[in-house]
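These notes open a run of structures that come right after.
You will see chain A twice below: alongside chain B first, and alongside chain C after that.
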Partner chain A sequence: MSNGGSDMRSLWRGPLLAWIVLMGLFAISLGSAYIPLGHGNVAVNLLIAAVMLAVLATFLMDLKNAKSLVRIVAMAGLFWIMMMFSLTFSDYLTRW
Partner chain B sequence: MSEMTLPFAPARETAATSYLGEGHTLTSWLLTTDHKRIAILYALSITVFFFIGGIVVGLVRLELISPTGWFMTSDEYNRAFSIHGIVMVWFFLVPSIPATMGNFILPMMIGAPDVAFPRLNLLSWYLYVIGAAFTVYVLLSGGVDTGWTFYPPFSTGYSNSNVIPAAVGVFVVGFSSIATGVNFLATVHMLRAPGMTWFRLPLFAWSMYTVSMVMVLATPVLAMSLLLISAERFFGFPIFDATIGGDPLLFQHIFWFYSHPAVYIMILPAMGVVSEVFACFARRRVFGYSFMVFALLVIAVVGFMVWGHHMFVAGQSPFANLVFSFLSFMVAVPSAIKVFNWTATLYRGQIGLEAPMLYALGFVGLFTIGGLTGLFLASVPIDIAATDSYFVVAHFHFIMVGGSVSAFMAGIHYWWPKVTGRLYNEFAAQCAAITMFIGFNLTFMPQFVMGWLGMPRRYHLYPDVFQIWHVLSSGGAAVLAVAYLLPLGYLGWSLIGGQRAGDNPWAATGLEWQTPSPPPRQNFLHPPRVTSEPYAYHEFGRAREQDGETSISGQGDVS
Partner chain C sequence: MTDLARALQEPWPDLRMQREGVSLGMWFFLASEVLFFAALFCSYAIYRSYNPEAFRIAGAHTKVIYGSINTVLLLTSSLTMTVALRAATAQLRRVTLICLGITVALGLAFLITKGLEYHDDIEEHLVPGTGFPLSPPATQIFWGLYWIMTGIHAIHLSAGVVVVIAVMIIFGRRIIPVQGSTMEGVAIYWHFVDSVWIFLYPLIYLAGRA
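On to the complex of A and B.
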């Protein structure tokens, strides 16, 4: 910790940028709700959400610098969510 | 991870002062970070809640003796079984084995001086206490009538009881189980003693590892579901209410995404305990160790993919029913592997019928019946007929009480000498074990019969034809009550008048037996080193024969 000042700045820069990007995406998502796209709205929102997730995981959760074990755990989490959604949709998408 | 020095290697303690001797004040207990003392704090608290849940269900069984009801209104009856479910599931069964035996034994088993995050461990107990306080408040202020499942639209729109306080209590206690899970995962990854490779971990340690995965991944979803219920009830958010665009089935999806794995939170630790007990009291290596490990892992993972079997008649799509039915049949395979391997472990063993073994044998029988009737219910056509009947009630009590509570008792008796340094009265314990088995079957076998005949759950008024079964069941509950009270007596007495246990009264392998009873603050007098596989009972026996030893030196698989 020789030059703590610049260390601190580099520590904050990544998350801050990520946060700004997330806020931007949030604004786009909010704005897109007012554009009538029909089912396109859902698609746009899901796309934005996926980008947000990627930004969160890579920069805020810092998976880009993480050890492989941590990455595997994160992948497992993603897999788990996929499992949860796909099985839930096995209900919602096939109801009649 | 063969040769490494531990970051927290135990300091060499010369005098064996036990962890119980490290301070006798209240604060020395309430501010402790010793995993062993926290385990005892947990054990005392969950025992209180076990008896609260037990007294409530005693009232339920008493009420059910008469087909017309005799001292409860329907509303009171709803509140009684609801609080029974909430207390037993979240304040006893979920923390039961992990928070007590897991906390106490897991670090010792892997040769660690404590868990990875001792203060988080203490925090988890305080979270339990805060959640418990909410539940006590609910109990004292008239209860909650939604059932333990909090289904909307009743819970969000119609119930006039304390839904939000009850949900908050469960929400908070959920974080205590997340904290325990995170702690155990880190502990098993980081604090294994030199030589304790993954495939040398005893099966109880594996069961704690797998159950921690489930706790960490499932419990947040429970928190979410309860938060959404509260948001809809309190603020009127349109989430589950179909009249304003919500979907009541969505709650069931989210809730059972946690609550089916919660069954595995209750049963995986039980499987771990009985694996230890069978190996010790049959004097044999666990049959098919690696299969046992993979079965635990497969149960933990596939257990997440079967939740829809709770929704076969709820309006879920028939296609989803098919998928969930198939997956539910699949999850029976690893469970069956475990049952067969336990049986094979016993085969040609030198079987001792001490109390832990009796409880463990009871576990296997009852768990098997519970599991097989689960297959009935996993099949859609049968479940459509049996949904919400006493058949379901009997099925899950066979798993959660016959299975988990039997194993809990097996573990308490098995590790009691290690925890307290005292031996209990063996004969009394054997009597209690047998009484429990008889009482359990008398309570729940009649429920299978009446459920099959059409007796629905959650009603206290019922046709006369079911009365004989209800009376039998209530009689069984009385026997069961005796069986649960007996251990309080003889275990309590052992603390005052019990013989000194010595390091290793069962001549068991495993690191937790290679240290004084009760263990010193840092668990071991010398940093342990592991050189062989677990359950080396044959080598252990041979070594004792060669030495012509009659007393047990407790050398086990450690050189």
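On to the complex of A and C.
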């Protein structure tokens, strides 16, 4: 019985900690949206979202224990997003 | 035939490598999904950079309470999905099934909340086209993106719910043992749907709150 309890604790401990951090970040994001920061609002919100994604990917999607090849493929998506945004905005932000 | 023999598929020599193979395959699929959603986020960014005031006005009309409830539901479903995966790896079949059941319930709660939100939006005529109540006209761009982005996300989540229910049936009937590689792919996909929402939430619901 005590082994079962120990099993359950080890199953939940790490993910629960990550969930608490995610909930905290969500609360900060929601609260900060009501503070007038001008363009800073969206920057703060996106920064928090990026940190939330990092927590989710590292601890809940378990990339911290993944093989290098898996991590590289996971990063490839982000890399091509950066390329898409960079190339797109190099056009739109330079139209006068 | 033992559970281990039934879980192991060709050409894998052991379960650990099989799980890694499934994980890698799912990440490849998700890399393409990332680009699919990135195109939508990029459209949002372009239109918002050209119409910041219209997006602020339009964003203030989204239902932040529904969006916030759904964020909590999805983040919690990622917690239960992670525990389900860990339980499956530890061959704890009952815990796996319970956690998958809670995950499905949270996913369905998300979709019901989303349905209520859509109902309210439609009642307020917040659908681009004739009779759209907001001005300037560019507010319709925001709401067009709102319907497309949240709609496509909801379709992805619905697919996730169907897949998790199917996996529960497979595990429940002991067709495949829980410690196989099935859970690996399912969990990564579920978390991906959650991660898309993490970015949709601030861009859709928090725009124009200050």
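FYI, the second predicted complex is superposed on the first by the 81 of 96 C-alpha atoms of A that agree within 3 Å, B and C clash if a C-alpha of one lies under 4 Å from a C-alpha of the other, contacts with A are read in each partner's own complex, and residues count from 1 in each chain.
Here is the rule we use: a residue touches a chain if its C-beta (ideal position, glycine included) is under 8 Å from a C-beta of that chain, and two chains touch if they have at least 3 such contacts.
Remember, predicted model here, so these are calculated numbers, not experimental data.
By the document's definition of touching, of the two partners only chain C reaches A:P36; chain B does not. Legend: residue contacts after superposition of the two complexes on their common chain; A:S90 is shown touching chain B, with no touch to chain C. Of the two partner chains placed around the shared chain by superposition, neither chain B nor chain C is touched by A:L17.
Between chain B and chain C, C touches the greater number of residues of chain A. Using the contact criterion defined above for the overlaid structures, shared-chain residue A:M61 touches chain C, although it does not reach chain B. When the shared chain is aligned, chain C comes close enough to touch A:A74, but chain B does not.
Once the two complexes are laid over each other on the shared chain, residue contacts for A:M52 go to chain C alone; chain B is not touched. Overlaid on A, the two complexes show chain B and chain C touching the same residues of chain A, namely 77, 80, 84, 88, 92. Residues 20, 23-24, 27-28, 30-31, 33-35, 38-39, 41-42, 45-46, 49-50, 64, 68, 71-72, 75-76, 78-79, 81-83, 86-87, 90, 92, 95, 187-188, 191, 194-195, 198-199, 201-203, 206-207, 209-210 of chain C touch chain A in their complex. Put simply, chain A touches chain C in their complex at residues 7-8, 11-12, 15-16, 18-19, 22-23, 26, 29-30, 33-37, 41-42, 45-46, 48-49, 52-53, 56-57, 60-62, 66-67, 69-70, 73-74, 76-78, 80-81, 84-85, 88-89, 92-93. Every residue of chain A that touches chain B in the complex is listed here, in rising order: 77, 80, 83-84, 87-88, 90-92, 94-96. Residues 217, 221, 249, 253, 257, 304-305, 307-308, 311, 315-320, 323-324 of chain B touch chain A in their complex.
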